[in-house]
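The first chain written gets the first letter, and so on, giving A, B, C and D; residue counts start at 1 in each chain.
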Amino acid sequence: MDKVGIIGGTGYTGSELSRILCTHPEVELAALTSRQNAGKKVSDVQTFLKGYSDIRFTEKISDTKGLDIVFVATPHGVAMEEVPQLIESGIKVIDLSGDYRLHNTSDYSKWYGHEHTDPKNLKKAVYGLPELFRDKIKGADLVANPGCYATSITLACAPLIKAGVVENDIIADAKSGTSGAGMVPSPRLHHPFCGESIIPYSVGTHRHTPEVEMAIEKFSKTGVNVTMVPQLLPIVRGILSSCYMNLKKDMTDGEIEKIFVKQYGKEPFVHYVKEPSIRAVVGSNHAHVSSNVIGGKVVAFGVLDNLVKGASGQAVQCMNLMLGKKETIGLEAPGLGV
Amino acid sequence: MDKVGIIGGTGYTGSELSRILCTHPEVELAALTSRQNAGKKVSDVQTFLKGYSDIRFTEKISDTKGLDIVFVATPHGVAMEEVPQLIESGIKVIDLSGDYRLHNTSDYSKWYGHEHTDPKNLKKAVYGLPELFRDKIKGADLVANPGCYATSITLACAPLIKAGVVENDIIADAKSGTSGAGMVPSPRLHHPFCGESIIPYSVGTHRHTPEVEMAIEKFSKTGVNVTMVPQLLPIVRGILSSCYMNLKKDMTDGEIEKIFVKQYGKEPFVHYVKEPSIRAVVGSNHAHVSSNVIGGKVVAFGVLDNLVKGASGQAVQCMNLMLGKKETIGLEAPGLGV
Amino acid sequence: MDKVGIIGGTGYTGSELSRILCTHPEVELAALTSRQNAGKKVSDVQTFLKGYSDIRFTEKISDTKGLDIVFVATPHGVAMEEVPQLIESGIKVIDLSGDYRLHNTSDYSKWYGHEHTDPKNLKKAVYGLPELFRDKIKGADLVANPGCYATSITLACAPLIKAGVVENDIIADAKSGTSGAGMVPSPRLHHPFCGESIIPYSVGTHRHTPEVEMAIEKFSKTGVNVTMVPQLLPIVRGILSSCYMNLKKDMTDGEIEKIFVKQYGKEPFVHYVKEPSIRAVVGSNHAHVSSNVIGGKVVAFGVLDNLVKGASGQAVQCMNLMLGKKETIGLEAPGLGV
Amino acid sequence: MDKVGIIGGTGYTGSELSRILCTHPEVELAALTSRQNAGKKVSDVQTFLKGYSDIRFTEKISDTKGLDIVFVATPHGVAMEEVPQLIESGIKVIDLSGDYRLHNTSDYSKWYGHEHTDPKNLKKAVYGLPELFRDKIKGADLVANPGCYATSITLACAPLIKAGVVENDIIADAKSGTSGAGMVPSPRLHHPFCGESIIPYSVGTHRHTPEVEMAIEKFSKTGVNVTMVPQLLPIVRGILSSCYMNLKKDMTDGEIEKIFVKQYGKEPFVHYVKEPSIRAVVGSNHAHVSSNVIGGKVVAFGVLDNLVKGASGQAVQCMNLMLGKKETIGLEAPGLGV
């Protein structure tokens, strides 16, 4: 039993981590931090944990001894204050924020608006998308868990870029359920405003853009340009990213399918399907990828649950790899379907 | 052309008033107040007013001279500071908040948690439900516009109480769209929380309870007891109140229908129907009433758009009566249907 | 490994059974029937089963030998044609339709509109609500799995009736997500019609009414009268039933809570909470019960996922009991929370 | 008072026409056809018409004499059977189906799968997008009312193509509310399937594609290529089309805005805004257009209510032009806003 801690145990990704880990057969949910709730039983705050966990929130992660791995589920800017100490203590870390996703400090300060204070660990961080970077994750001490949009777009585009069949210019029209925006109430997330609408935001300026470019560029000899337009959907969970690329030469739907099947055919969580469906994956760590050729273009769809494969489920998948466990353990649930 | 002002021009009921009044053929939308937006063109803030109104927000309603009637669309507690001065100046007032709905100051302080500072006008205020109190509204200087829940429940129950066929004990299971809760973001109105749920709140303590009792008691020789459970629906606009009463003796569906038809048969905005439908009335000042006898009980449904017949549309209906206009003018639009 | 079959493997409750059973550690999903899909791989039709099951749909349940238990997930009227043969062959049966819920054939024909053709097994059938009838379920060969509304209402009301603190007259204002109505498209379930509304239907005539009366009457010395109004919510999964009863004498919230805690305090799946939440239980076999005293009345809320605790999850819970397994096995997932 | 008829008075666009026309001050709603409802009062079927119209459904449009203009609101294939006779009788026609939108019969048979039987009138038909083809509509006897997707995409793209600042290759990622798919229940429109999802369909094969190409090509010296991906949103009303184009040279947001303002600055119904909003236009004939430059690309958004500016409202706007009326009459209502 590995001992696991979560920094930021009450936000949406922290809660989702608890939800997954509390039935994980090979780890012990040993620490959850929350400044506001320190001292309280976690199951009094997160009522779904009643019967699953008896621990109490602590103020700091260092209040708990003997942890093997820690998830950081805080807003960006916080992780880089916590990570150095954890890494130094020999604790493995998975950061769900954006702090360790971009490879250099200048990109970070450009997109996040403040300096990166831990360039040393930034260099060592591995981008936690198992389907593309599995081997590196296995040996990593620090994993930067991908963003939800980034996961959906990268899964849909990387195989085609890698196969060299599309031009390196991607339009990603990305739609996300509201839980992706976190638990703090705001005018955009106010139900009367967003409940019967679809709302573009951060058009061309979303921080997952450079993350996608960075991840996909690893499979391209040239740079990759991503034009990303996020749009808020009136659903709670789920992302559909529709990604448009120009084909270098005429191809059939079947030829494109083959590329995806080659990439993902043996993956336990990523599936190439004819009709991608949010409901088929909601509540699970599964993702759908699909594609259609339209004239000289291809549209590739990436579909997942933003809180599971787009955040906490993928983090647990990384954890399993880092700790030498079976990759799927604790993540076996199929999607809700309906 | 009567000159009309709105205190609180940017909240949901204030906006809805503007939306209705800007195409009203017999009034001029002459003043909108907003502390935050004073000086700005109203159509720059409420973009739907572009092409409909050229005025600017003012800080105080007294900044505009020559007003004939003023709507107060503010949170409760504010109206009673504004109303005395307006009434004294000979301006008619329709208050959309709860400040003038309850008839005595002790009920007010019990349910609203603070003292009423304008008992003089409280006495004169007329409850603005035209289908039940039309004549009084016509002569009123101050109308207390009913709450959205209260309108739906009262319309569904008053005719049966008045006809003496049911006992004076009403269970009102009331469901409202989220726009009824106003425009300030809060955890309960946060889409990920409420978007795929139905959430009971203020169970047994909602302030519309005494208002319904007060309105219905006018048709009863004894007091009326209302047990009200409000529940938040994941829709933007619309209320369905399901009201349960014990029949004093066995009755058929047809006999109950007759009572409603007698009451509302000639009403332009309230319709007795077999299948009540929120979509049939959304966007309009229409309301549906329906009923079913179940054993020795009757369930009566009241359905309306909380922002129109439940607030601003009804306020305009009252205005039409107070100013001696045709009751339906400016309110002719049918519901969206779909 | 017990061998399990499902008659009606493609409807919503049949699919949900597959979803739960495919990761159940102690049973083998051995047979799924579907006339339309006979011969096809189940994972080609139910794509979420890819990687979870290799079997193919069969036409009849008798096509598969050696089954230990069979779930019947068909519309009512079908089960009573299948059950006699299964029981005779010594196969245990859990029927998710309404065919074996009512105890006598006259009630059945009154509410379902046709004769019951298997009165013999009807007599032996046990009503599968484990929290109230656990011991009988353990020894049963045939379990009638409760309806979704019925489960939510019964869980909320039975303890109070049993404790003798309320009168035997229940008003159940019940609201359900759309998946409760099954997978066949119809005007009422058409998104433009129901997507931004709440729609009363089968008012006073819903077939879960006698089922609730029958279940609760077992805890009452007198009969029980239930007035049930079902209403369709614009959400996919989830039920909230608001149940109103008159208190026999004044009681506090705390006293009512004690009754519920006494009943459910040790239950793994039913939880008394202050604020009932559909999202907290969605995707899981958990249910919430809550209550508020309002004057001389109490409102008790029953909340669950209609496809899990309201159908297939509860059926698996019954299966675990019937097969002598740990009651919670295969049902450990907490609710989604968000 | 012009006398107006509607063929197909019970579908969504036919109902929406009734809803708009029943308060139109200068026309008389004189005929509604419905085979199924012939003889019934329209207000008994379309209950929102109660108090607005006393006429009865007829079987055929020729049952009513003296009509000045007829709307055809039927599935495609039907209009071309009705139109020849109407035109011959000197009655003006607005067809809301796809029958007269494409200019040549070969395009029609390619996209609609059957022959066009009225090539003569096809040649005369004017595409009814007033903001781009106003003058032609004024003189037309037969107007082909644009599709909902086509209107949103064309409004967003035509000005940029016309100004020559973008390449003639458009990616239109289009999202529509469910009412756009009509009133016939189907698996895709079944609430449990679509209510918490976004569903791509007719990817690259939607019939509005050639319509957009045809409309925009009129402003281009070369052909235009449109790659269209329709996606079903879980909202009832509203379309957001996100249209991506490559800029021919670097441009600023302000420069793009100027092009739109030049095109639409004086339009009563089309507005260039910074933040496009479905809720701001729902229930009204208004449309929003917006844009952002992202690197060497521009994304242009087209937003409208698919049943109003995307169908029946636009048809009434055309009618006003054809009959020499004020263009906005009967269409003055602002969007709901909330």
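Operating definition for what follows: a contact is a pair of C-beta atoms (placed from the backbone, for glycine too) under 8 Å apart; a residue touches a chain by one contact, two chains touch by 3 or more.
Here the structure is a predicted model, which is why all the values come from computation and not from measurement.
When chain centres are set by their Cα atoms, the one at the greatest distance from chain B is A. Looking at which of A-B and A-D shares more C-beta pairs in contact, the answer is the pair A-D. Centroid to centroid, with C-alpha atoms defining each point, chain A and chain C lie 35 Å apart.
Per-chain Cα centroids separate chain A from chain B by 46 Å. Centroids of chain A and chain D (each the mean of its C-alpha atoms) stand 40 Å apart.
Counting partner chains per residue, chain A shows two or more touched chains at residues 12, 179, 183, 192, 196, 234-237, 277, 279, 338. On the chain A side of its complex with chain C, the touching residues are 12, 15-16, 19, 22-23, 46-52, 179, 183, 196, 236-237, 268, 271, 273, 277, 279-280, 283-284, 286, 307, 332-338.
Per the touch definition, chain A reaches chain B in the complex via residues 12, 177-179, 181, 183, 185-187, 189-192, 194-196, 234-236.
Touching chain D in their complex are the following residues of chain A: 171, 173, 175, 192-193, 196-200, 203-204, 225, 227, 229, 231, 233-238, 240, 242, 244, 275-279, 282, 290, 292-295, 297, 299, 301, 338.
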